[in-house]
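What follows is a short report on a single structure.
Labels run A, B, C and D following the written order; every chain starts at residue 1.
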């Protein structure tokens, strides 16, 4: 299974206006930087983006907000971002906020062929409005439906030509779940290896979930909150 | 988090008659051999066992069938086992058969606080009798509920003192899912290492799911279907 | 002449397309892996948690921890991956597997399949079969056209407890290749030397026979 | 004298029990990690996918791939594990985390909590807060007793949009430790030198005051 494409341009060649795209990452950690850059270059419009966060001004999905390519954000936490705030308050940008655990589970469900599940998260809040409530174990739960996307774009540390992926540390986050939920899943990796280089025991995303893979040209890996301690 | 116990006896000390126990493994692959041996020694009675299979005559859960310690089996595939067949046909043994994917997902759901989910598996069959049906994406799905257990007993390849587990090859199977779903989860491992020995990127079951861990005394690892090819 | 098991496997192997992930059931379906057409690359998924299955190990190299869903010792190919059973059925239920090949006791003209239980006999369980048939978009059944009593296994309605409903798309038997469309078996090909009449005689369910029925090319 | 933020964190740290897994929210809750009582071993879970969080890295050793849920660079301790977000919330929803500490804008006498949205202001989202409060058996809120306008944050009913319903078990403020039981705040301890009268005056919700209210021991 040879899934390698040359670069972001080839990987994203058929992403079109009005599509729904999942993008892995938590904050700026583990985001598909090269693919976001390519979306900016392509100028694809009116995208619905499913991503836990919306980047910051000038980086990550913030870049796509600046160029107004995003019609709707589906996220759990947004707004480290002035441009986001401006567009949201002006009504230019639709925003659908989802509890983080429900967002993760809804992506996994989408990839796993589970169309809906019950979760306690959000019961009694505005998130539950219009949703079915059912009591399990004496506790109210709401029904949440699966999420899928035309394209899922994920970022991994290492990948092989068969599409198997390994993530590093906390850069894993939503990436494996979104990889499952894309009709087409694109992986950009820091290091692309021949099939057989990765230990089959250590693979986080089996290649079956990945349709295209490429080695990213450059990873800036910006840090959002640099917190350090002094050496003694 | 030091979770090490001395042996199977200490690990299983408070498993009592009439409890529900999950046991990892697929066929004879990845089963907690040492703990099964200890259950036989203890003579705990009227157990409800959740396990994909029921062992074979003289090995795996077959040992607990011989001693008639099992009241009920919840499995997807059984009966490589004459004693099982005899007890089932005579009505001594209750058997609840569940599609394999639903069994796996129900264990995961139990561990993940998802009380119920919809799946297409089993719609239109006797498995769906009495279960709610709902159409998603034009296709009927049935509602399945989570499974949990008083104890989950899993077998891993390597483990550390903090309860982190790594499985080998196809011996992973149901083990990580059941590890999530036990009120108390016991892991028996081939190799027990100090915390910090395992790469945090490569852990299959994070220690939070495991309450007790011990190094198994002996792993026989019987092969159920030895299939080989000739050397050229 | 009616095909043997290998013939059925060879014919099914012709259905494989490049880049597909394939789940093969126990029995005839397993044999399909031996007849992959040249130029076609597929990867085999085993529902116990293996992607990239290779051939059986050399004698003496069996690993008890490395088996397929039939509990047989196997090997893996470069690019293989191991995963847990929930992830495995996520692949299946989520339709990431492009083809499922499995055996059956009965198939009905609307695509129902029965392959797990015979009332009054010891029930071994459905294993992963119910998940596979309920989820896969593309299911091929590999089976004999008739049972040991000589009765057709391609029926109007299944008589045995069902494994899945309206899910089988294609059946390959020792006599024929048949598609299931709109509540009928459509005769696509016949085994070399097998007459259309024999197929008609041995098919209980509604059978649509085109004017010309080509022979299988094996 | 009312506690400062560190005092609140220290008091909450006294609630920790050996062997607990703990999720700490942003702000005061984060500080709790600095005051773990001696002899107590706990492990910190961060909902973005880290178990076994350690202190901030030394200057120059930050790793962009290793952050906590507050997006701060962190380190890990021996025995740490990384996992995806679905597994992370499986830990939370499945009640494998024994204690959740988080901040709040308002808490009501029946344990409702509001901490994610102020109508008319920019909404940043709930992040993992709704999952955490709906799932955890043991939730401690760390917050100031009153808001900046001097109004009580311990209310009969929350006025802001809720994050969760009937979930908060304990509140630690700069003035007091309060349990929430049967629709009322129960005053458990007061900050050193703080009078019961002050706490009564600053608590809008129903407050049960026992005859003797001990001072916190910090």
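Everything that follows uses one rule, which is that a contact is a pair of C-beta atoms (placed from the backbone, for glycine too) under 8 Å apart; a residue touches a chain by one contact, two chains touch by 3 or more.
Just so we're clear, the structure is a prediction, and the values are computed from it rather than from any experiment.
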item: Mutual neighbours - chains that touch subunit B and subunit D alike; value: A
item: Chain pair showing more contacts of the two, B-C and A-C; value: B-C
item: Farthest chain relative to subunit C (centres taken as mean CA coordinates); value: D
item: Gap in Å, rounded to a whole number, between the CA centres of subunit C and subunit B; value: 28
item: Separation of subunit C from subunit D, taking each centre as the mean of its C-alpha atoms, in whole Å; value: 55
item: Distance between the centres, which are taken as Cα means, of subunit C and subunit A, whole angstrom; value: 36
item: Whole-Å gap separating subunit A and subunit B, where each centre is the average of the chain's CA atoms; value: 33
item: Shared-contact residues (touching 2 or more other chains) in subunit D; value: 76, 82-83, 86, 89, 92-93, 135
item: Touching two or more other chains - residues of subunit B; value: 105, 108, 112-114, 119-120, 167-169, 200-201
item: Category of the chain touch graph - line, ring, star, complete, other; value: other
item: Which pairs of chains touch, using the document's own definition; value: A-B, A-C, A-D, B-C, B-D
item: Subunit A-facing residues of subunit D, complex; value: 46-50, 55-74, 76, 82-86, 88-89, 92-93, 112, 122-131, 134-135, 161-166
item: Complex interface listing, subunit A residues touching subunit C; value: 1-2, 108, 110-114, 160-162, 164, 180, 194-196, 200-201, 203, 206-209
item: Touch list for subunit C against partner subunit A, complex; value: 19, 21, 41, 43, 45, 51-52, 76-83, 86-87, 89-97, 135
item: Subunit D-touching residues of subunit A, taken from the complex the two chains share; value: 26-30, 52, 75-80, 85, 88-89, 95, 97, 99-105, 107-108, 119-127, 157, 167-177, 204, 221-231
item: Complex contacts: residues of subunit A adjacent to subunit B; value: 105, 109, 112-120, 134, 136-137, 141, 145, 166-169, 200-202
